[in-house]
Structure formats: structure tokens, C-alpha cells
Amino acid sequence: MTTAPVRFGLIGTGRIGQVHAASIAASANAELTWIADPIVAGAEAVSARFGGRVTTDAGEVIASGEVDALLIASPTPTHVDLIAAAVAAGIPALCEKPIDLDIARVEALRPTVAAAGVPVALGFNRRFDPAFASVRARVAAGEIGELEQLSIISRDPSAPPAAYVAVSGGIFRDMTIHDFDMARFFLPDIVEVSAVGATLFDDGAREHGDFDTAVVTLRAASGAVVSISNSRHSAVGYDQRLEAFGARGFLQVANAPSSLVSFSGAEIVEAKPPYENFFLERYSAAYAAELEEFVKLVRGEASTSPTFDDGRAALLLADAAQRSATEGVAVAVDLG
Amino acid sequence: MTTAPVRFGLIGTGRIGQVHAASIAASANAELTWIADPIVAGAEAVSARFGGRVTTDAGEVIASGEVDALLIASPTPTHVDLIAAAVAAGIPALCEKPIDLDIARVEALRPTVAAAGVPVALGFNRRFDPAFASVRARVAAGEIGELEQLSIISRDPSAPPAAYVAVSGGIFRDMTIHDFDMARFFLPDIVEVSAVGATLFDDGAREHGDFDTAVVTLRAASGAVVSISNSRHSAVGYDQRLEAFGARGFLQVANAPSSLVSFSGAEIVEAKPPYENFFLERYSAAYAAELEEFVKLVRGEASTSPTFDDGRAALLLADAAQRSATEGVAVAVDLG
Amino acid sequence: MTTAPVRFGLIGTGRIGQVHAASIAASANAELTWIADPIVAGAEAVSARFGGRVTTDAGEVIASGEVDALLIASPTPTHVDLIAAAVAAGIPALCEKPIDLDIARVEALRPTVAAAGVPVALGFNRRFDPAFASVRARVAAGEIGELEQLSIISRDPSAPPAAYVAVSGGIFRDMTIHDFDMARFFLPDIVEVSAVGATLFDDGAREHGDFDTAVVTLRAASGAVVSISNSRHSAVGYDQRLEAFGARGFLQVANAPSSLVSFSGAEIVEAKPPYENFFLERYSAAYAAELEEFVKLVRGEASTSPTFDDGRAALLLADAAQRSATEGVAVAVDLG
Amino acid sequence: MTTAPVRFGLIGTGRIGQVHAASIAASANAELTWIADPIVAGAEAVSARFGGRVTTDAGEVIASGEVDALLIASPTPTHVDLIAAAVAAGIPALCEKPIDLDIARVEALRPTVAAAGVPVALGFNRRFDPAFASVRARVAAGEIGELEQLSIISRDPSAPPAAYVAVSGGIFRDMTIHDFDMARFFLPDIVEVSAVGATLFDDGAREHGDFDTAVVTLRAASGAVVSISNSRHSAVGYDQRLEAFGARGFLQVANAPSSLVSFSGAEIVEAKPPYENFFLERYSAAYAAELEEFVKLVRGEASTSPTFDDGRAALLLADAAQRSATEGVAVAVDLG
């Protein structure tokens, strides 16, 4: 007996929407049936490559009766309404992060999602990266003893345009939010946030009162401490490292080499080409795994992960970091 | 203007045939229209996944008028006749290595291929590996000065079944043949072969008078020296390394890590999981690139590489190595 | 013309005193003429190996007229008085860190040292480590552009005895103090300290209200941000890493391998033996270089570095970290 | 009870003689009492640094009655007579490699050494390198299963002067001889030698009919195969690597980094400074360990290793390699 592919409606066809469209098309368990984007040319381009009917109206997709699942990859301000609509229509949704930049809107939606019984998964793709997932499993298996320190380095290749910075919600809500979720992947119960921000090189950040550099320290209920280092630029390419430290040693995730080649000469030895440039390359396997896991969820073969509440928790941590960095105090948080 | 995909006929649906079928299916520039295998179930299984009409008769494919290119992945003894038939029909062919185990048959076919003007490419996939190709390009660009020493380590995860060993033509014609071609990728004009073989662990090799361990030294016309180390088993997984050494330094190709994770503890530090297990994983990018390059060749946008004569040269080197290992003499070769 | 060796008086013959005695003995430019320790057996043991007259009274050494330089390696509470006595006698002194656990005593001594014109150097040995010194020089030369982030990992192999913890002044004054100085080696002008401490595994720390785990964030006047991660235990051996990050890339100091050997097998590959166990092994070259630099200072061939004021600054940072970790606020500091 | 230091007579004060003088001086178990060199200025310079009486006549040292051990570091042609004289005088000797360039002279001396009962050790310092010794011990302990392949890369930083090449005995007797001994450190019973030489860059080698590049394959009685790669130049510094391969995996010795620092930027990542430049740096620990082991031998606390017969075996292999490279045949050897 074969199972019919899960029929996806894709909302939004920007960079991340295209990633998901490709994942859906590449999966034997999924197909792209509807694509919505107010900019119809974007939707049509995706349709040309991967199939699916095109509309400018997300509501048409939800009402079509021809989608088993919704992939919400539209701009952040649309997420809350789309999740609400999906839940109302009984259609499981995978929504890109963040749920919203305004925690009040998230809190308002929360009871609806909790009551509906329709799966809503959050697009924290890094949880599905084979390396991070492996470290988490090995930590859980006790390989390093109790987790005492978790260190995350996360630096983007280059700062986004000033116009993006203006609406991004700031570095903590836009960029560190991935690291907050990664911290919670290992230590769900974070109780305190201390953050230091700096604006060292990016005019866009300076113009909009944002930071381009940040260091965040989290304290977990277990007592474990998390360190996050962010920068909006990185000469080496996408810089994504993690170290989980415990009494028996540590597990590390290294940057992804772009090549197996190294050069050794009179001035330098063992020099490699730069790392994978950015998230599309670095996390390609993660996006594919994320889609497959969501398909299982739609089919009732998996539980929701990461959840709406994981998305809310990451935003709460971002808000706390913003306050800590601004006021110079450690901020207690309650994610319950 | 779009170009129609190159229509492929696939002959043979064993392990390597399936690899090529997947590459064809994944390419925007190719499609699988015919599949031939005397074991029809194999052809049908491939067809179910990737499309294409099925037959037990390769001749039907060639005569169909519905293939622009032939991918010959059938057992070695069939290669010579299939190449001849493809050439006669004017259909470009990509043929798996080796052309044949008998150099006399290869020599007999050679004038036909040379005269025909129909491209015949040999399936030395490793030339298309990004790492090896990069090293070759950097050597050619003079980064390490004149190439003086080339060292190749090539070890399979585990010895093949004794039945396979029996018909393999021996380790030099079956396994080292890839390394002979890799040597010639850097140094086409090899003039001398010295080989030492040993049978240390594999009962199949012992039974059939073959070696399971081999070390080969080649001398190039330039004076450069090539070292090849082979083993029919490798605990770490597929062990595929290369070092190109010159006056200004060396370029190395490392084994492919299967993960970005490392563990450090009280007994060991920086320990990684084993390497990619075997050629399907290690050379997946190479197979895809090989297919794309062959498509260009079929379309007249590239020249043939590696050629039928490259296939012949590798076999001449294998024959010379067999003689050298048996007789304990350095064997001069003339690949002209 | 040869220069006579600098005659050293060594005060204190514990672990670190023995290190300095060996460095003095190994140097062609220094000799050990006097050794003082209230526990005379310790002094005698050092004298038996490296020469020098023995006394239980440090004052006798200072008054002897037979020492050109004083090496103060006695317990911390004795440092202030010994520095004062050395300065009064016009004898240059190299004093182990910290100057004192009480900043008031340091401040009280400060004008005396400043006015005296007798060199007083502080034993922050890590500044003399070839790797850290090289990174600092390369950063100063602009290799990574402006320094934006400095990350220091510093973990001891195992927690000290509870009795030591009781008088240590706490993790920030005892252990992190080295990292504060390392931070100031790169970024002398630190303006703000945020610290988080945790007590996760060490009963001695728990008993005495100390932390065994700490994460400290410093902000420099330049805007650069420093991250320090400490632990009182480390399964891999002494864990001493540093990364200097700027717009053009980063420079890293790796842990010191204890061997050039690695093992690759079916379960793990490239596994190395653990790192050098502790500071005596890891920083042996640094101790020797520190001594040689101090000899130059005594001879008037070098300026004082690190200075008494560097010692004071590190203690101010430790005090600020203690307050930050306790009160949950970022603490502004003025090191001027 | 303390043991008196072993009194050494040093014969020869060239580069390697100075190394040994320093090792003797640094050892608590040895002292330098006599130094002989026809060039008296050399002997006097060593004496000034490390002590010892000076003479131009090695015989005076042997006859002095003031040496417990002889360290023969004079030019190769003097070794045989000095060993004979030491043995006749009942003085244990540590002789630098090679014993002689002429196997006939070695064979003539052999019965004398065998009969005398006076220890004669050969200066194959690499056996005492901690990394090589560790790999050998781990192989012996079965960590990789039966040893199947041993790969040695050994490249000097730069070619010696032509005048040196003229009297060196050729690359196999001068340079590869260390690698032959290293091969026998793992696999004492070598039965066959195949060698390929090339002259690619060194005018001195060309002028004197020598090779500057060599690849040697050895076959052991166990069936294991050894690969040696030599070059008389190496841009990266002294290139000394080894890999022991067996059924369960492999153990590798990497080159010695000269620094713990690496640089990562936009063009390259993880680039380290060049390796230790040459044998004095790379093998400093080995020279010290060699001396200590020889002291134990003199005191009757250790057995001779490597022996005179090890020196003879290495020369037999070098002679066989020379013949193999010249005649293009595998050469059987009997080291019994």
C-alpha cells in the first residue's frame, strides 16, 4: 500500500519560500499543489519549476480543499493571521520563524492554537541539522555527563540591507532567535537572560538603533549556562559552531568545509577554502529533514516539534535580551 | 530558447546503473527513455522510480531511434560490443570502466572508435570529483610548482565476494584501474610501472590467486613519481586520499567526513565519526558532474574526457602492474 | 664583553616558586642566589636542585645585598608587603598574581610603586605564551581588521581542594583573573563587566559560596566585546583557547596537543590523545619567556610589562565580576 | 643512594655533536668530560658551553680512563675505527648513523662487536620520538590488528650542498637510511626492496649521479608492505609523517606544528604557520630520550637498541634500494 503524497500550499515565494518549494518537490512524500504570493510573478516562477496552482490570495489556498498542509513562508507580519486561518480550517501548518515581532500578538493567538488540536510547527530548521541533532542525542545519552555549558557561535556572512534592519525587530528577534531556539533544543527551561550588544561596523544597524554584534548569556533551570556570540558579518562565510560541555568532555559542531582540499606551503600549512557561504548551503540537509518530519506530523506519525510554544519562547528570550542589553540588567524569564 | 533534454538509454541496472539512472532523472538536461537489462525485474524497478521503457535487449534500445545517448553500465564483458554498436549507430556512449579485461579486445576496437567520430567517454567518475578536479586545476595553475610526487591512497571498505574476485581481472584491473586513471589525470604520460602485491586477509583473493593489498609506483615522462596504496578493506570506511607535492608545497584531498561533530574527552580528543562509507556516498557529486559533462559532450559543447584511449591506457597500466608484481621487475609502458 | 647573570632572590617555593627556580637555573642570564620560605624544607629542596642560599626570612634576602631581583612566589597575602620592601630596597620585583585579594590594599600600595621608579612586574605568564603573543601581534598588525570580538575559554583540569577555595578570593579573583589580564592584553581599556556564575559540581565551591562555572562578558572602550568561559573542571585536560574576531576573519589559539598521533577506526577517526594536562606543561615556554623578559627589564633593556597597574586592573575587573554575578547587573569600571 | 653521572667522551663537534653535547649537559644522569675534534676550535666552543676537556685526538679520550661512554658524532668514515677502539677499550658507544657507507667494512667489524660484549648502540634517533614510539607500542598492543601497510613520508627542507652529496653515499644511504630503520622498528624482518629514484630539481644530485626524489617499497616477512616517499626539498619545512594501517584502522603521526595559532579569512580557513623546520627542532625530545636510554644501557639497566646489527640492516636495505633503483628489479634481502 502506498500513501498519497501530502499536498502542500505554499504561502510566500521569497528566498525561504523557494527553499521549501524545492524540498517539497524533491520529496517522494510531498507535492506542491497551490502557491500564493501577492507578487504573482514570484508564485509563477516557483510554479514553473515545481508545479502547483498560483494565486495572489492565501485565503484561496486555504479554502481550496486541495491542500493537506500549509507552508507559511510569507513576511513575518502575516504569520499570526495565517496560522489562525490554517487552524480554523483544520490544516496543519509549518510556519517560518518568528511567529511575530510582537509578543502580545503571539500571546493572543496562543490559546487558539492550544485549543485547536491542529498541528502548528515552527520553522527552526537548525534543529534538523544532522550535526546539531546528533550532538543533542549524544548529550541526552549522557556521553558528556550533565550539560554544564553550551556555547553557540552564529555569524552571518554580511549585514542585511538597512531597509531590512528597519523592519527586522532587531538582531535578537531576527538573528539570535535561531540561537535562542538552539539553546532551548538542549535546555528548554531558560530562566534568565543577560545580553550585551554593540554597533561596530554596520551603518544600517547604526541608523536604526540596532546592534550588529551581540553576546548573550542564558541561565537554565538546571544551572547550566549558555553563551551565544553573534555578528552580522563574517569574512569566512557562514560561521555556525556549537560546543556542549560537561564533566566527561565536550561535543563540538565545526563549520562545514566547502571542499576536502587543503594547501600547505612555505608560509601556511593545512589551509582550506572558506566555509559554506550561507544558510541555504549550510542547512540544505536540515531543510529537507524538516520537511520530511513535518510530513510525518501531518500524517500523524510524529508529534509537533518545534511547537508554537517554542516559537513563543524564542521571542520571549529575544525580548528579554533586548531589555537586558538596553538596561544593563539580567532579566528573569518564565517560559511556562 | 530551451534545449530538449538528452534522451538516455541505460544498459544495465546493477548498482552503478542505478546511480546513473538517478543522475539522469535528477538532471534538468537529461531524461531516461529506455532501460535494458536481461534481468527484466531490475530494469522495471529502475523504470518505476525514474521512468523509461523497458527491454531485455540492449539492441532494441540502440535501434529505437529514441535515445540520443547510451549509458553502458552492464557487465564488463559486454562493453566492447556495446561500444561498437553505439558507434555504428552514431550514438554517443558513456561506458563504465574498464572497457574490457582483455587488452587485445580493446586494441581491436580502438581503430573503429578513432575513425567513427562518435564520442565515447569512459566512466572514470573520480575525475569529476570537485576535490580532485580542484587540485588538478591548482597544480596546473602552478600553485605548487612542478609536480614531483603524486600519492594516492585508495582503500575499499571491505573485500568483494570471492565470486566477484574470480571474474574481476584481479585487483589492478578492477580496483587500481581508478587510481591509474587518477594518476594520468595529473600525469598522462606514464612510462614505467613497478608494483608489489600481497595477500594478507582476503580468502577470496587467496583462492583466486589475487592480491588484497597493493603498492604501485609509476614514473611519468616528466620524471615525476606516483605512489598508489590499495587495500581491499578499510575499517574507517572508504579511504580516498591524494597528495600532489611540488617545490612550493603540496595540495591534499582529505577523506570526506560523514559529520561535523567531534568528541573530546578524558581518553581521546577531536574524535570524529567514520568517513563516508563507500563510493556512492563519497562520489555522489562526481557522478552528477560526470553526467552533466557527458550531456555537454552529446550536445557538442564539450570535448570527450576521459576518452576511450584513457580507458585503454588505464588497462595497459593494470596489465603492466600485474606483470611487475608477478615478475619483480619494473615494466616500461608506451601509452602512445 | 659579557654581562653578569642577574642574581635572583626567590620568595616562596611552592609549585609556582619551583617553576621560577627552574627557569632561573635554565637561563644563561640569571642565577639563583637566595631562597626564602618559612617552610625551610621547601627552600632546601629547591636549593639542592638549583643552588642558592636558604633562609626562612624573606627580609634577609632583601637585605643581603646579593640579589639584583626578587621573584615573589609566596602566598598572596604576603605580596603587598614584599613588593613594598623590594621597592624600598630598590630591588626590581616580579610578583605572582594577584597582588592581593583586597583592592584597598592594592590601592594603598599603588602610589608607592608609582613613585619609586623601581620596576615591579606582574606574573601574568600567559602574555608570554608564543601563541597568544603571536595572535596579539597579528591583530595589532591589522590581519583581521579592527578587533570586534575576543573569546576566551579557560578551564582547569579539576577543582582545587575546598581549603584552597576558602582562601582563594573566589573564582573571579583566583582563576578568571588570568583571563581578565588576557582580555586587557588585547583590549586594555575595559569599561563594563557582566558576569554569570553557577555552582554545578564542586562541593568546595558550594561550601564556600563560590562558583565553579562562570561566563563573563566585557565591553571595551572601543566597543569590542569579550567573552570568557570558565570551568573548574575539564575532562580533556587544561582547556585554553582564544579567538580574536574581526572584519577580515579570525585568529585562533588551539589547545596544545600532547602528541602528534591520531587513531582512525571503525567507530571514530582522527582521535588524538588528550591535551597537555595543566599550566606547567601548557605554559612552560611562557614561564621561560617571562623570566627572560624580566631579566631584560632588570638590565634596563625593556619596559615593565605587565605592570603593577595591570595587576590592579585585573583585580578591579574581578571585583566587578563578583558584583555583577551577585547582583545581576552590568557593572561599569574605570581602570584609569 | 645516588648514582654518579655517566661520564661522556664526545667525538666530533659538528651539528649533531653539538646536539648530543647539549643533551648530555641537560641530563641529570650524564656529564661531558672529554671532547675530541681535529678542528680544535669546535671542541673548545662546545667545552665553553657544556664543560669537558678538549683534544684533537679521539684516542686520547678513549685512553683517558675518564669516560664511561663514548658518543661518536664524527664523520662517517671514522665510525668503524672508533667503534673498534671503543669496544677494545671496553667502553660502551653510541654511534651516529650510518656505521659506514661500505657494507664490507661493516661486515668486517661485525664479529668483533658481536664477540666483545660491550654495548654499541646506533644513533637512529627517530625510534625515540614519542610519537613514533607510541604508534609502535599501540600497533604491538594490537590496536589496529595485524600491521598490513606502513607508509612513511620523509622530506628534508632543502637539498644539501653538492659537496656533501658527493660524499654522502647517495640518498638511500644518507637520507632513506632513517626510514629503513623506521620500517624495521615496526617490521624488523624485511625481505625485499623495490626502489624508484628521480632527479628533478637538485643540481648537486644531478652532478653526482644521485637522486633527489625516491619512492621505496619494502616487503616484510609477514607479508606487510612498506611505502617510503623521500624528497630532498620541502617548502613546508621538515616533512615527517607515518601511517600504520591494519584491519582495525590506522594510526598516524602528523607533522609537528610550530604554533597553536590558525588564521581563517575570506580566502582560506584554518591556515597554520609552517611546520618545525628541521630535525633539531622536530626531534629534540627524541635526542634527549635517546641519550637517557643510552645512559640506562651503560648502567646495565637497558638492553642495546638500536643495535650495531640494526645499523648494518639499514645499510643493507640502502644498498638493495640503490641496486633496485638502478637496475629496475625487486631485490631480495636477507638481514639475518
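The letters A, B, C and D name the chains in turn, as written, and every chain counts its residues from 1.
By our rule, a residue touches a chain if its C-beta (ideal position, glycine included) is under 8 Å from a C-beta of that chain, and two chains touch if they have at least 3 such contacts.
All values reported here derive from a predicted model rather than from experimental measurement.
Enquirer: Does A-B or A-C have the larger number of C-beta pairs in contact?
Expert: A-C
Enquirer: Looking at CA centres, what chain is most distant from subunit B?
Expert: C
Enquirer: Compute the distance, rounded to whole Å, between the mean C-alpha positions of subunit A and subunit C.
Expert: 42
Enquirer: State, to the nearest whole Å, the distance from the C-alpha centre of subunit B to the C-alpha centre of subunit C.
Expert: About 58 Å, centre to centre.
Enquirer: Can you pull out the residues of subunit B that are in contact with at least two other chains?
Expert: 144, 235-236, 248-250, 255, 263-266, 269
Enquirer: Please output the residues of subunit B touching subunit A within their complex, sorted ascending.
Expert: 130-131, 134-135, 138, 143-144, 248-256, 259-266, 269
Enquirer: Given the complex with subunit B, which residues does subunit C contribute to the contact?
Expert: Residues in contact with subunit B: 235-236, 255, 257, 263-275.
Enquirer: Which residues of subunit A touch subunit C in their complex?
Expert: 146, 148-149, 151, 153, 155, 192, 194, 196, 198-201, 213, 215, 217, 219, 223-225, 227, 229, 231, 233, 235-236, 245, 247-250, 328-330
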